[in-house]
Amino acid sequence: MTVRIGVIGAGWIGQEHIRRLTETIAGAQVTAVTDIDAERAAQAAKTAGAQVHPDGAALIAADDVDAVLVTSWGPTHAEHVLGAIAAGKPVFCEKPLATTSEDCLKIVEAEQAHGRRLVQVGFMRRFDQGYRQMKDVIASGRIGTPLIVHCAHRNATVPASYTSDMAALDTAVHEIDVLRWLLDDEIVSTQVIAPRATANKHEHLTDPQIMLFETAKGVRIDLEVFVNCRYGYDIQCETVGEEGLVRLPDPAAVGVRTAGAHSTAVLPDWTGRFADAFDTEFREWVANLAAGNEPTGPSAWDGYAATVITGATAEALTSGRIVPTDIPNRPAFYATGGHQ
Amino acid sequence: MTVRIGVIGAGWIGQEHIRRLTETIAGAQVTAVTDIDAERAAQAAKTAGAQVHPDGAALIAADDVDAVLVTSWGPTHAEHVLGAIAAGKPVFCEKPLATTSEDCLKIVEAEQAHGRRLVQVGFMRRFDQGYRQMKDVIASGRIGTPLIVHCAHRNATVPASYTSDMAALDTAVHEIDVLRWLLDDEIVSTQVIAPRATANKHEHLTDPQIMLFETAKGVRIDLEVFVNCRYGYDIQCETVGEEGLVRLPDPAAVGVRTAGAHSTAVLPDWTGRFADAFDTEFREWVANLAAGNEPTGPSAWDGYAATVITGATAEALTSGRIVPTDIPNRPAFYATGGHQ
Amino acid sequence: MTVRIGVIGAGWIGQEHIRRLTETIAGAQVTAVTDIDAERAAQAAKTAGAQVHPDGAALIAADDVDAVLVTSWGPTHAEHVLGAIAAGKPVFCEKPLATTSEDCLKIVEAEQAHGRRLVQVGFMRRFDQGYRQMKDVIASGRIGTPLIVHCAHRNATVPASYTSDMAALDTAVHEIDVLRWLLDDEIVSTQVIAPRATANKHEHLTDPQIMLFETAKGVRIDLEVFVNCRYGYDIQCETVGEEGLVRLPDPAAVGVRTAGAHSTAVLPDWTGRFADAFDTEFREWVANLAAGNEPTGPSAWDGYAATVITGATAEALTSGRIVPTDIPNRPAFYATGGHQ
Amino acid sequence: MTVRIGVIGAGWIGQEHIRRLTETIAGAQVTAVTDIDAERAAQAAKTAGAQVHPDGAALIAADDVDAVLVTSWGPTHAEHVLGAIAAGKPVFCEKPLATTSEDCLKIVEAEQAHGRRLVQVGFMRRFDQGYRQMKDVIASGRIGTPLIVHCAHRNATVPASYTSDMAALDTAVHEIDVLRWLLDDEIVSTQVIAPRATANKHEHLTDPQIMLFETAKGVRIDLEVFVNCRYGYDIQCETVGEEGLVRLPDPAAVGVRTAGAHSTAVLPDWTGRFADAFDTEFREWVANLAAGNEPTGPSAWDGYAATVITGATAEALTSGRIVPTDIPNRPAFYATGGHQ
C-alpha cells in the first residue's frame, strides 16, 4: 500500500521533498535516489533509507520504484519525464516541465500516446487553502464572471545569480499557472512594463516588473513582480468580477500592540507561506497513486502552457512589445483531470 | 440665528471647546467667558472676541448669552447648572453633571420643575460614528438580544495626580454612559477586580482594574480599565447577542509594510480618537438650540445615573464587594429625548 | 471676520456646498447665489439667507461677495474663474478647472498676471485623512522612494448618461490629481486597457477600464476604473516603494458576526466616503481666506494638468495607444502653495 | 522505525485519529483496535489494516503495540492509562486524563514510580500556530509581564445532551490547559457568572457563562463560553501585558466584497479550526516516540490540573461562589517536558 518513490536530483528542493515524503506524508517511502553529485545522492539516500542509483535511467527502471520525482536541474527534466513515461511510471516533475516548449510538447505527445495521465507538474499554489477558497468563491458565482485580476509577488531579496528573465521563468510562473486554473482560461498575450527600478538590487536586474496578461475570455491580469522588496515575502491576489471581488488572505498571524503600533509579522520567505500547500500537494499525489488513479494536479499540458507563457513574457521584457502566446486548444485528453 | 454661548471655565477643555465653537462649528458664537483665573478668562475671551464676566452668575444673566457651557472644576458644576436652569437657559455641562448624586438629583428636580429639558451632559461617545453604527446594528435586530458586552479602555499613561478611584469616576464613566445608551438599559450592580498590577505606574495606583457590571435586563459587562498600558490609547467594545456580535472598529489608519511587519498606528491619546465625536456633539447641540428644540444628547438623568454608578464602582474597588446602584426608575420626563 | 461667499451654480453639488458652508463650516456665510435656473437659485438662496444675482458677472461684482465658489456646468467654469481673477477675488472652482487645456492655460496666465494665487480647484482627496497619512508616510522615508502605485476606483453604478470618456474626465480625475500630489511628480504618459466588459452596464459603455500612467520620475501607476461594480463605492490605493509599501485604509465600520460570516459594510456611494474631506477642504479654504493667505489647496496649475491628463487618457481609450501628456515644467509661481 | 499504535475506543474521535495516523501522519501505523462495540472495532480495524482485540488490557499487552491511544469513554480513561503505564508503554490519552482528581493523581503517581514520562494528554491547542506564536511573543518580552487574558469560546450550537457543567468540563477545559501553558502559571481560583441567557438553547442549559480565573501570579482571565452563539465556531484570546498585548488571529480566509459588504467566512465548527493542530500534535508525538524520547506535550500533571480546575469551575457555577483550586506545587518530575 506504501508508494515507493525514486527521487532524481538531491539538491535543496530534492532533499526537502525527501524529508517531506519521509517524515510528513503518510503512505510514501523514498526507496531510490540519484544525483549528478554522488556524495549528495548518498547522503540524501541515507536519511531516507533509500538506495543510490547511478543515473535517472537506472532509477526509473528499478523494481522498487513505483513513481518518480524529478527535482534535478531544469534542462534535464524532459529526459527524465520522458524516461518515466516510456517506463509507464507516474512522474512528478518540479517546474518547469521542460525548459523549451518543444520538449514540453514531446512530453505531452508521449503521454497521450501512452493513453493515460502519468505526469504531474509541481505547481503547489493550486493546493493552497486561500487559492482553493478563491476558486470556490468564483465557481459559486458570488462575484459573477471574472473580469480583472490584480496580483503581486514580492520577495525580500534574491541572490546575484537571479537574472531579469527569471522574474517570468521562476517567479511569475506560479501566478501564471494558478491563474489559468483559477479562471479556467488561457493566457493569450503578455507584456512587461518596467517601473522606476529599486536601488536595492544587483545592477544587471530589472526589478520591479509589471506584467500584463490577457486571457482568451478577455480577463486582464496585472502582476507586480518585485524580488527585492525588502520587507518580506508577500503574495497578493484579487479577482474582480461582475458582482464583486474575492481577495487572498494574508497568512494568519498574531496581532501585537506595542509602542504606538498594531503589527502582524510578514513572512521572511516563501517556505512558510506554502508549506501546507506542499504537504497537500504530495499528500494528494500519493493518495492518487495509492488508489491507482491518474494524478489530478497540474498536467503536462499545464506545464507546456507555463513554459510557453513564461518564455513569451521573458521575450516581452526584452522587446518591450505585447507578445502573443499562440497556445493551441487544449487536447481532449487533458480536458479532465488536468484542471482538478 | 447664531447661538450666543457663554463659557464658564477656561481651562484646557474650556479653551478647546471655545476653539471648536469658534473655528469648527457653524452657527455658534462664544460671547462670554468667565474663569476663577481672571487672566486665563481674559486670554480665552480675546481669542473668541468675547466679553469677560466676573463669575458664573453674571455670565448666565448676560443678555447676549443664549446658552451656557460649563467646563469648570467638577465640584462647581451643580451651582452653574442650577443657575442656568433658574435663568431658563439651556446648559451644556461637561461630565460629571455634579460630583454627588444629591446634587445631580437637585438638578433633575429643578429641570422637571422648569418643565422642559435644558441640560445636556458632555458624554461625547454617543456621537462617535462607531458607537452609532453599533447602536444601529443592535436596533436592527441583526445580532438579536444583547447578552454580554466586552470593553477595554486603555490610556498610554496618566499623571501622578491620577488616583485609583478616577478609574471609575473619570475613565470608566464614558463606557458607563455609552453602554446605558447602547443597550437602552440600566446598570444595577458593579464590582471591581484587581489583576496583577503593572510595574509601569505610580505606586499608589491600582492599575489595571477589571470592572464587572450587571444591567436590569441581565446583560453582563466586563470592562478593562488600564491607564498605563504604554502602547497607546485604545478603546474596544464588543456586544454579543443571541444571534451574533458587533464590534467597534479601530480608527482607520494607513497600513504600512516594512522590515518584516505589517503595521498600523495606534493613537497616542484620546484627542484624535473622539475629535469627530466632539464636533458632532456640539454641532447637534447648537442645531437643536438654533431650532428651538430641547437637547437630544445625554440628559441630566443620564448625568445622575453616571454619578451614582461611578461612585458605586469606586466604592466597589475599596470594599472588594458587589455594590448595587439602586437607581430608581427613569421619570417619564426623561423617557424621550434623554435617549436620543 | 466672516468670509462672504457667492455661489455660481445651485445644482446638486452647489446646494450641498451651500449647506456645508452654512451649517457645518464656521466663519463662512453664503451671501449670493446665481444659477441658470432662476427658480433653483431662489430656492438655494432662501435656505442660506442669500441674495439672488442674475448671472455670474453680477455676483462676482457684488460688494458683499468676498470670494466666489463655482459649481456650475463644466463648460462655464473658465468664464467665471477668469471673471473672479479679473475682479481680484479668490475663487474656488469645482473640477474641472476648465474643459479645455487652452482655457486652463488662460486661467493660469491670468492668475500669474494678477501676481498672487486666487484659484483653488475642488479636488477633495488631498484633504482626506487616509491620503494625508499616506503622504506623511512617503515623506517620512519609511517606504523609500516610490516605484509603483496600484489604485482602484469603483462605483456601484452610473446613470445612462455616463459615457466612456467620463471614466477619465470625471472619475479617474480624482486619482490623477491626488497621485500627482502624493508623489510630487508629473504624469507624462497615459494608456487605457479594456478588460472583458461587465454585463451590468449600459451598452455604449466601456467598463471596467484599466488606466496605466507613467510619471516623470518613472513611477508606474495602474488604476482600475469600474463604475458598475455593483457591490458599493470602493477606493483603493497602495504605494510600493523601495523599502516597503503603504495602503489606504477602508473606512472604519463596525464588524458584525452573524450566520457564518464576519462582515463590515462597504459604502453605497461616494458621499459618505469623502464627507470629512469636503469639510476639511472648505474649512481650510475659509481659514486661509479669513487670514488673508493665498489658498494652499490644488492650484490652477493642478487644474490645468488634470485637464490635460484626463483628456489624454480619454484619447488613449479611443486610440488604444500610449499618449504622452507633454505638460511643460511647472512655473515657479506654482512652486509653493500649489502643493500643500 | 514505524511506530505501531493500538487504539482503545473506536467512536467518532477514535476513527478520526485512526484516519489521521493512517493517512496523514508519516511513521505511524495503527496495528490494534478495541472498542466496547465489537462491530465498530472491526470496522475501524479494517480501514487501518489492524487487528481487533477483545479489550484494552489485551490490546496494551499485544507485542505489535508500541504505544497506546486512549479515545474511549472518559470514565474508562484512568484504567487504560494505568494499564499502559504498568506495561511501560507510552500512552496518549484524549482529555480528560481521568474524570476524578483522585484517578488523575493515581496516574501521576504511577508514572513517577515508573520513573520516566509515558503519558501525553490530548490538549491540541498547544500545537496551534496562533497559540504558539502568542507564547513566543510573550516569551520574547515584547508585551512585558502578562496581567490579563480575555478569551471567548463560542460554538454555533450544542446537542440536547450538553449540560451546564460541560461548559467547564468539555469546553473551557481547552482554554484552561492552554492558558496554564501560555502563562507558565497555575490557576488558583475560579468563578462563574451567568449573563442573561440566550433564548436559542435547550431549557436546562446555562448559556452563555462567563468564567473568571485567577492565577498564582495574579493574572486575571475572563472567558466567555457561549455554546449556542449561532453564528459559528469562534475562538478569541488576547493577552494584555505591561507593555502591550498579543491577540490570536482569526483563521485565514478569503475576503469577499458583494452587495454592500466585505465579508469573510466564520468556521461552522471546531474541526476545521484545529485540524492543523491535531496533525502537529500527533506528528510530534510520533516523532518523539520514534526517537525514543519522552513525550513533550501536555503531561499527566497537566491532565490532573485540568480535571481539578474544570471540576472547581463546575462547582462554582452551581454554588455561585469563588472556588479555590488548591493544586499543589508541580512535582520536580514534571518540571521539564511537561511544559513543552
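Each chain carries a letter (A, B, C and D) given by its place in the written order, and its residues are counted from 1.
Note that a residue touches a chain if its C-beta (ideal position, glycine included) is under 8 Å from a C-beta of that chain, and two chains touch if they have at least 3 such contacts.
Model, not experiment: these values are computed from the prediction.
Looking at B-D and A-B, the interface holding more C-beta pairs in contact is that of B-D.
Each chain's centre was taken as the mean of its CA atoms, and the one lying most distant from subunit C is D. Measuring from the averaged C-alpha position of subunit A to that of subunit B gives a distance of 58 Å.
Centre-to-centre separation between subunit A and subunit D, using Cα means, comes to 37 Å.
We define each chain's centre as the mean of its Cα atoms; on that basis subunit B and subunit D are separated by 44 Å.
Touching of two or more other chains is recorded for residues 230-231, 243-245, 250, 257-259, 264 of subunit C.
Interface of subunit B with subunit D (complex): residues 144-148, 150, 152, 193, 195-200, 208, 210, 212, 217-220, 222, 224, 226, 229-231, 240, 242-245.
Those residues of subunit D whose C-beta lies close enough to touch subunit A in the complex are 1, 21-28, 49, 129-130, 133-134, 137, 142-143, 243-259, 264-265, 276, 283, 287. Considering their complex, residues 230-232, 234, 250, 257-266, 268 of subunit B touch subunit A.
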